[in-house]
Amino acid sequence: MSILVDKNTRLLVQGITGREGEFHTRQMIEYGTNVVAGVTPGRGGQEVAGVPVFDTVAEAVEKTGANASVIFVPARFAPDAILESAASGIPLVVCITEGIPALDMINVVTYLDEKGTYLVGPNCPGLITPGECKVGIIPGNIVMPGPVGIVSRSGTLTYEVIWALTARGIGQSTCVGIGGDPVNGLRFIEVLELFEKDPQTEQIVLIGEIGGTAEERAAEYIKANISKPVVAFVAGQTAPPGKRMGHAGAIISGGEGRAEDKIAAFEAAGVPVAEHPEQIADIIAEMRS
Amino acid sequence: MNIHEYQAKRLFARYDIPIPGGDVATTPQEARQIAEKLGVPVVVKAQVLVGGRGKAGGIKLARNPDEAAARAEEILGMDIKGLTVEKVLVDEAADIQDELYLGVVLDRGNKRVILMGSSEGGVDIEEVAATSPEKIVRVTVEPLLGLREFQARQLAYGMGLDKGLVRQFVGIAQGLYRAFMENDASLAEINPLVVTGDGRLLAVDGKMNIDDSGLFRHPEIEAMRDTAEEDESERLAREAGLSYVDLDGEIGCMVNGAGLAMATMDIVKLYGGAPANFLDIGGGAKADKVAAALRIILSDPRVKAVLFNIFGGITRGDEVARGILEALSEIQTDVPMVVRLVGTRAEEGRQLLADAKMITAESLSDAAQKAVAAARGQLA
Amino acid sequence: MSILVDKNTRLLVQGITGREGEFHTRQMIEYGTNVVAGVTPGRGGQEVAGVPVFDTVAEAVEKTGANASVIFVPARFAPDAILESAASGIPLVVCITEGIPALDMINVVTYLDEKGTYLVGPNCPGLITPGECKVGIIPGNIVMPGPVGIVSRSGTLTYEVIWALTARGIGQSTCVGIGGDPVNGLRFIEVLELFEKDPQTEQIVLIGEIGGTAEERAAEYIKANISKPVVAFVAGQTAPPGKRMGHAGAIISGGEGRAEDKIAAFEAAGVPVAEHPEQIADIIAEMRS
Amino acid sequence: MNIHEYQAKRLFARYDIPIPGGDVATTPQEARQIAEKLGVPVVVKAQVLVGGRGKAGGIKLARNPDEAAARAEEILGMDIKGLTVEKVLVDEAADIQDELYLGVVLDRGNKRVILMGSSEGGVDIEEVAATSPEKIVRVTVEPLLGLREFQARQLAYGMGLDKGLVRQFVGIAQGLYRAFMENDASLAEINPLVVTGDGRLLAVDGKMNIDDSGLFRHPEIEAMRDTAEEDESERLAREAGLSYVDLDGEIGCMVNGAGLAMATMDIVKLYGGAPANFLDIGGGAKADKVAAALRIILSDPRVKAVLFNIFGGITRGDEVARGILEALSEIQTDVPMVVRLVGTRAEEGRQLLADAKMITAESLSDAAQKAVAAARGQLA
């Protein structure tokens, strides 16, 4: 078992004919992901990496039975791409694209919530179920199948943690990068809930960062609802207020979003907080021993 | 991106929000002329992109044009939290009877735009939130409906506004909401929204932050960018497509990925150092971008060591190495450098750097500790 | 029993200080409706017909526990008034106002559907549960309590039918005027469903008219779901296509909305269709004998 | 309210929908001048607010300015379904390679705006719906999202549009959707949307209906109202605030309430008569409105009897009676009148009318039968 993606995932790639889209399509196929369709308007009938390309998502879904999509289109077309997948009945949409205006995302996530469509991202590395399915850009060579579920607002920081776990021989059930934007799809809570229900997952790693209050909410949720051990990490203890630290959502503002508050919330919920990324793996290893 | 008070207020005025008469001066003479034209007592206000102007002496009253010139003379060139005042706004002084707060913000937790109002204006709203939270009234905008009149009225009545002012307030709230939405703002704020002696509402101060991701569709706002106010390194980084924030420490950091960059800063601190910057070169950076990044880091005289932390995914270790070598071929420097390369083509990268007298590290902890030691002159 | 309104209805009147609002408030109170609050922005603190007036619906609900509202405000303010009631948690909103632009109503009904708020109208006479509660403008002196549920797109035509029933000694459970606008709240189907569940209602009268396809849908629904006898009437058999017959929604256009199609649909569903209004009462009387 | 083809197309053009060059003429000379200016073959098209112009001979091709004048001469003054042609549109003749259909309508059943497209343009879309429904593609607009680009593309691909035309089509669909929404339309239609020989899309015909309830916020559309095209009685009724539709029968009807008015017309027919009009005096009508209504009814020479059916609720029987008497005091008429008054102040009303030689009736059936008999001269 695992969450969100597995061997049964039939993936559609939006923006498959673009440079990024094509590159990562090849990487995903190489990893073993079942990429069944690509979509680029006007390119219907072509093929990319052996994958048939369609003009519309609706047609691609009809012809190939795609049940997940990943988006590699530029920011100004990405909201439309997300909506197109959701409107076509795809239950899981993963948006890698960075730089989508936050106000555009409000309407998009509202619509997806109404439809019951899962959105991962935007501005995220996607997700991977080791040995089964990779959707997005998380390097396939650092993961291994195992018991640890990872949910993170970050990209490379997540790779760092995966790397440290794998180096200690501890595999992962599913690694989910939920992205660094202020308005996004799945949050910590929804992913925690999925890990709680997943029999394969034994421990959970949560990687947060400054900005917003998602970590505080997650801490409360963990205390009330999660029986599995959780280890947290919060990036940005040294970040100054009012400055955007790379991610659109990584900013301390309006008196909220400080790392210290998030760490305090986790500690109050009984969740150990690692001091640096590699320590996460140490704590997990200790828990498992 | 932040814009100046005067820019925010001019934008608000386009949405029928009443603002005081006034104009911007860069010299005391200009300030005098503006005051003459207004013909009433004025307020001379430093235009800097940082809070706390008032306490720093950046806002002063002037009863006549001579005083306006004198106050402008005092304020122009003043240093406020590291920024030099280049412009002052000379505004009609309002006859202030009461000060309110009105703001539009993005409520990230609920994925909604909200309006906040308070009868306690003129002070920092976070302070009000901390000391008298019951004084803040909120309404949540439904994306399907936009801000409705009844919601603006709810705010007004909730703030205890005089009934005679409700209609004016509703217009201002709707204008501020539209200004927020139509300009991809992340914050639009009137503080204080003043009730004048003759029963009018007036936006005496204005603040607006714009979502960088939305700037592409607002060239007129992009044109408001005050590069004179921008840190030179931050400007260069922005032009190179790098995500960079200048900090006070002594260890320059170059990292791929925002979260990892923050974690790298944090671990530097954990081991007793202080980061000189946040710097994310992004995914898949090529050599020229890496070189630009290194030039920016080395231009900071406080930097005593540089820490490269690259976890290769899309980013390739060899590209990063080439960028480092490219920058070092131009710059003479004695600053010690610690390199940690992992992932895609890390080995090739390490080989390229073998001759460059770099300190190498395997783990992030190791790298951070070595960088801190190097900055103290205990390594290299 | 009855549907939607009864002795427990605590009514709020939006636009209570207007000419129509005040007149009908007095009429409703006279009939015995428990009018607990009025709302007119800026008139909070006043009283109309002994009813306290508030500036906002939220405050009125908080102070009086109103659980239904009726709207007598001009068309350009009516959408906002409906939304204000729904947003304040009132479960039943009745909008008498005529002349609201159809496109405004799309967003309004979408929001109310999401909230689960019932809307009756706009452009309707409201509803009445004889002997218990009158919300709107249906004359109280023509109704009497009894077994017949009435749902209608019309106003005075409904009075005509009520009159004919009452004249024959047959009372009504609840009479609901759903209004004559193209985009409105409750439709025939929703009201039929309520009548089906209401133990007091033994027969149902459905009064339709030209325009749209609500009658056709109702006929299908009756066939599939309604066990109680239904009598239908469709006004506008002599109406020409392309002309709006008074009600904004009463227009035959785009090949739909003809009376003959509606009548045929009812007949196909086994629903007797009266030839003229008074005949409805005759058919009901026969059913009951 | 309907607007003319030329008005609809000019409005569409404001939303970047390409339309043929052209202008409106009220004389053959003007038509010649327009054709001269265009310098290409033209189409001369009758501007009347009714369908079926083409079949009636109201659309004609002209190869040169002389022909344009001649065709305009033929068409101007023509009677099309009872309407006199007062204006012609002289448009560039398009090089038509293919004819498509594109429409925006209100889907009442689903309470949504929908777009419909078809590769079968140039014919009545209802005909296509009846004969080849699979040729019609629909997309539903979510109120939260508006018309999205992907939906416009779905339409385009669904219609089998050439890939090279999709981008143009998307722009046109979005323009038509905006024209619909921003003008409170109930229908906005391009039929045909033409594919020209040189691969362009062109809105050759346009139609637009506006929601009367939305007109208050579109004075520029209200100003397009062609009162010359309006039936005189309907214009008078509109000005008096009455809901009136002229019909062909001989029994004038005055009723309060739209549904009851239709039912009254229907029952007249049921008993062998034919209604001369639909007329709803609305709720709570005062005497002057009633008088205006009666004057309009009696101005129709076909009217052989008048049927008053008033079910008093807000409307008061005595007010109606006073209005009737007021009108009759001015107009000499022999037309027999049947009055049925029920409800509020019906008794007072009946007493007022006692001297006026009216035929009274108790029930609606009775009233209708008496009116039919009266129209045949069998009563009164």
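Labels A, B, C and D are assigned to the chains in the order they are written; within every chain, residues are numbered from 1.
Operating definition for what follows: contacts are C-beta pairs under 8 Å (C-beta built on N, C-alpha and C of every residue); 3 or more make two chains touch, one makes a residue touch a chain.
In this text, all values refer to a predicted model and were calculated from it rather than measured experimentally.
Comparing chain pairs C-D and B-C, the larger number of C-beta contacts belongs to C-D. For this pair, subunit A with subunit B, the centres built from the Cα atoms lie 28 Å apart. Subunit B and subunit C have CA centres that are 55 Å apart. A separation of 49 Å divides the Cα centre of subunit A from that of subunit C. With touch defined as above, residues shared between interfaces to two or more other chains in subunit C number as follows: 107, 110, 114. Touching two or more other chains at once are residues 143-144 of subunit B.
Touching pairs of chains, sorted by label, consist of A-B, A-D, B-C, B-D, C-D.
The part of subunit C that touches subunit D in the complex is made up of residues 75-76, 99-107, 109-110, 125, 137-139, 142, 152-160, 163, 180, 182-183, 207, 209-214, 217, 233, 235-240, 243-250, 253-255, 259, 275-278.
Within the complex, the subunit A residues that touch subunit D are 41-42, 44, 55-59, 77, 80-81, 83-84, 87, 107, 110-111, 114.
Those residues of subunit B that touch subunit C in the complex are listed here as 142, 144-145, 148-151, 153-154, 157, 163, 166. Contact residues on subunit D toward subunit C in their complex (touch as defined above): 105-106, 108-109, 111-113, 125-126, 129-130, 143-144, 181, 184, 186-187, 211-214, 216-217, 243, 245, 247, 255-263, 265-270, 274-275, 278, 280, 283, 311-314, 342-344, 363-365, 368. Put simply, subunit B touches subunit D in their complex at residues 143-144.
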